[in-house]
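We call the chains A, B, C and D, going by the order they appear; numbering starts again at 1 in every chain.
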Amino acid sequence: MERNSSREKIDDVIRCIEELGYKAHPIVGVERTVIGCVGHEDKSPLSQLESMSGVESVIPILKPFKLAGREFKPEPSILDVAGIPVGGTQLALIAGPCSVESREQTLEIAHAVKEAGAQFLRGGAFKPRTSPYAFQGLRGQGLEILAEAREQTGLRIVTEIVSIEDLPMIQDVADVFQIGARNCQNYALLNAVGQSKKPVVLKRGMSTTINEWLMAAEYVLSHGNYNVVLCERGIRTFETATRFTLDLNAVPAVKQLSHLPIIVDPSHGTGHWNMVEVMARAAIAAGADGLMIEVHPHPDAALSDGSQSLKPEKFAHLVAEARKIAEAVDREI
Amino acid sequence: MERNSSREKIDDVIRCIEELGYKAHPIVGVERTVIGCVGHEDKSPLSQLESMSGVESVIPILKPFKLAGREFKPEPSILDVAGIPVGGTQLALIAGPCSVESREQTLEIAHAVKEAGAQFLRGGAFKPRTSPYAFQGLRGQGLEILAEAREQTGLRIVTEIVSIEDLPMIQDVADVFQIGARNCQNYALLNAVGQSKKPVVLKRGMSTTINEWLMAAEYVLSHGNYNVVLCERGIRTFETATRFTLDLNAVPAVKQLSHLPIIVDPSHGTGHWNMVEVMARAAIAAGADGLMIEVHPHPDAALSDGSQSLKPEKFAHLVAEARKIAEAVDREI
Amino acid sequence: MERNSSREKIDDVIRCIEELGYKAHPIVGVERTVIGCVGHEDKSPLSQLESMSGVESVIPILKPFKLAGREFKPEPSILDVAGIPVGGTQLALIAGPCSVESREQTLEIAHAVKEAGAQFLRGGAFKPRTSPYAFQGLRGQGLEILAEAREQTGLRIVTEIVSIEDLPMIQDVADVFQIGARNCQNYALLNAVGQSKKPVVLKRGMSTTINEWLMAAEYVLSHGNYNVVLCERGIRTFETATRFTLDLNAVPAVKQLSHLPIIVDPSHGTGHWNMVEVMARAAIAAGADGLMIEVHPHPDAALSDGSQSLKPEKFAHLVAEARKIAEAVDREI
Amino acid sequence: MERNSSREKIDDVIRCIEELGYKAHPIVGVERTVIGCVGHEDKSPLSQLESMSGVESVIPILKPFKLAGREFKPEPSILDVAGIPVGGTQLALIAGPCSVESREQTLEIAHAVKEAGAQFLRGGAFKPRTSPYAFQGLRGQGLEILAEAREQTGLRIVTEIVSIEDLPMIQDVADVFQIGARNCQNYALLNAVGQSKKPVVLKRGMSTTINEWLMAAEYVLSHGNYNVVLCERGIRTFETATRFTLDLNAVPAVKQLSHLPIIVDPSHGTGHWNMVEVMARAAIAAGADGLMIEVHPHPDAALSDGSQSLKPEKFAHLVAEARKIAEAVDREI
């Protein structure tokens, strides 16, 4: 309440709190009164109080998520992601091109990353691009190429879904749905993948707070799909030396709040291929459960994101370096 | 190029530029060489050069948008938005509740905002909410209520679309589609409303740069739907005194780059009802082509965003104040 | 407290709160306990509680400032700034070059801005520049030129102080000290100008929250110098279309929290001369108590910040436009 | 240049570039002309061109720093910081309380961190606090306590300087000056420590870009003081789960641009004691040359920043964990 609010205004607010179904706990100070509110989990109705006379501000105390929270499940989850455990001792390694560009390119990369130790192949068949005039992906043809790559290598396929319409088509091929940063709060899409029951890699939106990100995961979980892997990929800040600011603090922050596994994408997060290896090492030291890395045989001819892609031999070097860090924190690659 | 790059590396880069179909213009300094690239409009393939040996950075010089740009259409567009001209002398006034909650609430607000001078009624039937457990809108029933409000008042209906699936249903009732901030870069949805030909209010994403926002508009325009009204609604910054940071600089910045009209939503932008009127005035002084304002008869009982909604009488006051500013800048309400 | 904290941990925290001299008010919910703390104004010792076992987080409720706050002085202050009232009906107009470059340049601008309606001449003799190799100001010689400009025009002099050492020298000439954005939290300098008793224009730091900014003002006020004028000049965000993001929301936000006057600098805030006039208009509509504008006779030959400076005739146009907005909000220029 | 600029305007700009002492290289495209500028290192005068008719924007291509840059000194610097090499294989470990609070507290911590492996004791005698009413440090008495701690333990003393006035006093005791985040762009102070020749730990400002930070270092270097250690300590972003966003990307970014050593402060960067160890590990994996860690025997009774301080036994644990990562990246603690 505002300083020196009248008894009458305080009583009005208390009455309103109780009408909303909460219990009011006024704490009376010399100059000011603070009113605690206790009740059911959803505290959002209380924000309305802010428009009442005498109310200075409404400050939420409790965490808004349920199924994603540590309070719901205290121990970390080890998910079964298409037969690969994610969240345990073994780190998940997802690698591949930004876009599926051709059969040759994709199979070449698939064999290379498989050999280097990856369990998952990433590659976009449907691409969300800033410009409508940029390459938008090979779509159905791209999915066929991914299916062939899986057949040849045994790698699980992680591919992005950008529209509910494409779900049946992608579902037939993908082992894991990827929700990209721009769709992190596309709730219709989250509901759809929640109903599908396939594992989901949920990238953090570029200005999504950690709380909002866990709430986005909650959309998927609330449909009974518990196989959600979070992926930190950089946030928007004022700094321009990197394309985004990869926020490794999100790793321990998520681990304190949630039982869900979290992996890190240093390719998008930094935007510069020559920072990817070092930030991959840092991610593992920060406790990440895996990595997502862009790999391309000819980055200077890539149809998208070439400047942040590693050549296959540099990826193999990254894996070797990452393994040393993994061992230092009692993990395995 | 990096300082003291060899002649050989420079030649490699020049060759690569020319293979990509651009003309290379090397500028040789004492210690450093810069290579200008001239060619077709889409400069995105050039970013691949960044992974070449000797290349320090690739810096885009030209604007990436075509149809949204001033260069395509030098004079400001005056759009026909369901019979109301937007972008000319007359300011657009869109007002209404965050959510359609009931027939009574909606009709009461519709009559009140009509009387105060609004030409458009806003109201969400499909609500994108941070929590899956929060009220998600009345959906079809909400659309029926909006249709009745239009019939009674003649107000044009602006309502949010969050999923392509809902398009046929919403299309029957809405005069204008609203794309919310979280879907600003949901390109599948932008393509769908682009094909529909109905006018679109495109809200800025909370971390979308002005360039990216205009590129999102370009998605709609590129399908032949030129009726796009941009809406600034606040960006994510470090400041917590306001819910978002309403970025009025976007108004002159957009007007310099684009011919599209731009309106301002100070309700979401500030998050506090007692800042809405003053920032609405400022928006008009900054050159905005209209306002979008949340109005609710009982903000303290609203099912969403009560703390930023105005009571109808406060909205009428806002219109009177805004009119004074409009006259001072040769506009009309 | 964390969910399901033991009675023992809760008692420990209560004991600790009381040892720190506050009164503890535990509110016991079904699963969780929240403890309100009431006591003396300085709540900062309570943040230590965060390291205690069982404490989930410490959330401050009260405002930390005293002398700068509306609670200390409910009505807006009208300051006497070197004989000019600031904060009342009359708007303050501060104009001049970024740097004092020469006698001719400064006198020419001084006469021009005087004629256009300014009451204050701004001009830097001591310049804080990002690069040590850039022009650092004329220093003593610059002050002499400013003194002559005052003598010829009667304009009050506003000039930046960047170091306590320079205080005696600047004090002899300046009517108003300017504290620049980079020194907004240079507390030693704030203490020094606080002791001097001269009026102070305190620019907001580029990542200073409104609360921190008012606390910086509190440093000056706490030495008995109540003549502090706040100046919004843009914050750091991800947006690059403007040099900074001029945050006009700060105007109503400061007015709600504090009685101090607030002016706006759209020249630094936008960084582009062709956005200055429109954002100056918006600032006045938002309730600003004045403007600070960079003016230069030959912006393309300026030794600093030429790209954001207005020519004298454009400044005169800005004043005419600003006057129309001022009248619309019952203010005067 | 703007699209379709006249030949006359282009010639005007070329003439102006040449008057400023640069050579102009026009690149003529079908619709647009771009003019490259080559000349002496300081490109800042060119920004004035932005106010010329026909000029669309001025885009700097070259790096602005000289002495701090890799181009000036290609190999990483190993500095002699009070007898301890910093920047080589051996990592620097700086630990201690936020504030020197008492002789007992400081000596207890000093012995504990010495034993755990630290080479440097940090402790503030002069504290820059957000509130003028908060504890401001023991000042001279604090320096005496630090001197005694050095005598007893042999640890080198790192302590913050907030004002030039205090320099002689601090100089007698400190082995290393610390410049805090709020003073990162206090150029008067940077000049003063540049002249002193003592080693300097220069913390990054909370909204200072990496380029600006290196320019701040350049102020110190340009006075002939080459012993500058950069310290990343978190930047301001929209995220509130951490106090700041510790930006580990700054480590590889600085290493690519500069030869100066860079250390990381995860205590301020995260603001939560239970994230410090994990982010310290990540910092070393990212290539940091050392750590600065807050340690306090009784964090819940600390006079400042208790919530982010580690108890001595937790610090010893951190060192053991950090050592494992150091070994994995061929460094030593």
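Here is the rule we use: contacts are C-beta pairs under 8 Å (C-beta built on N, C-alpha and C of every residue); 3 or more make two chains touch, one makes a residue touch a chain.
Everything numeric here is computed off the predicted structure, so don't read it as measured data.
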So which chains are sitting against subunit A and subunit B at once?
C, D
What's the farthest chain from subunit C if centres are computed as the mean of the Cα atoms?
A
Inter-chain centre distance, subunit C versus subunit D - centres from mean C-alpha coordinates, in Å
25
Taking each chain's centre as the mean of its CA atoms, subunit A sits from subunit C at a distance in Å of 38
Indicate the whole-number Å distance between the mean C-alpha point of subunit B and the mean C-alpha point of subunit C.
30
Quick one: which residues in subunit B touch 2 or more of the other chains?
207, 235-238, 240
Subunit C-touching residues of subunit A, taken from the complex the two chains share
3, 25, 27, 29-30, 32, 34, 36, 38, 59, 61-62, 71, 207, 236-238, 240
Can you list the residues on subunit C that touch subunit D in the complex?
16, 41-42, 44-45, 47-52, 58, 64-66, 128-134, 162-165, 182-183, 185-189, 205-207, 212, 215, 218-219, 222, 235-236, 272-273, 299-307, 309
Give every residue of subunit D touching subunit A within the complex, in rising order.
207, 209-211, 235-242, 245-253, 256-257, 269-270, 274-275, 278-279, 281-287, 324-325, 327-329
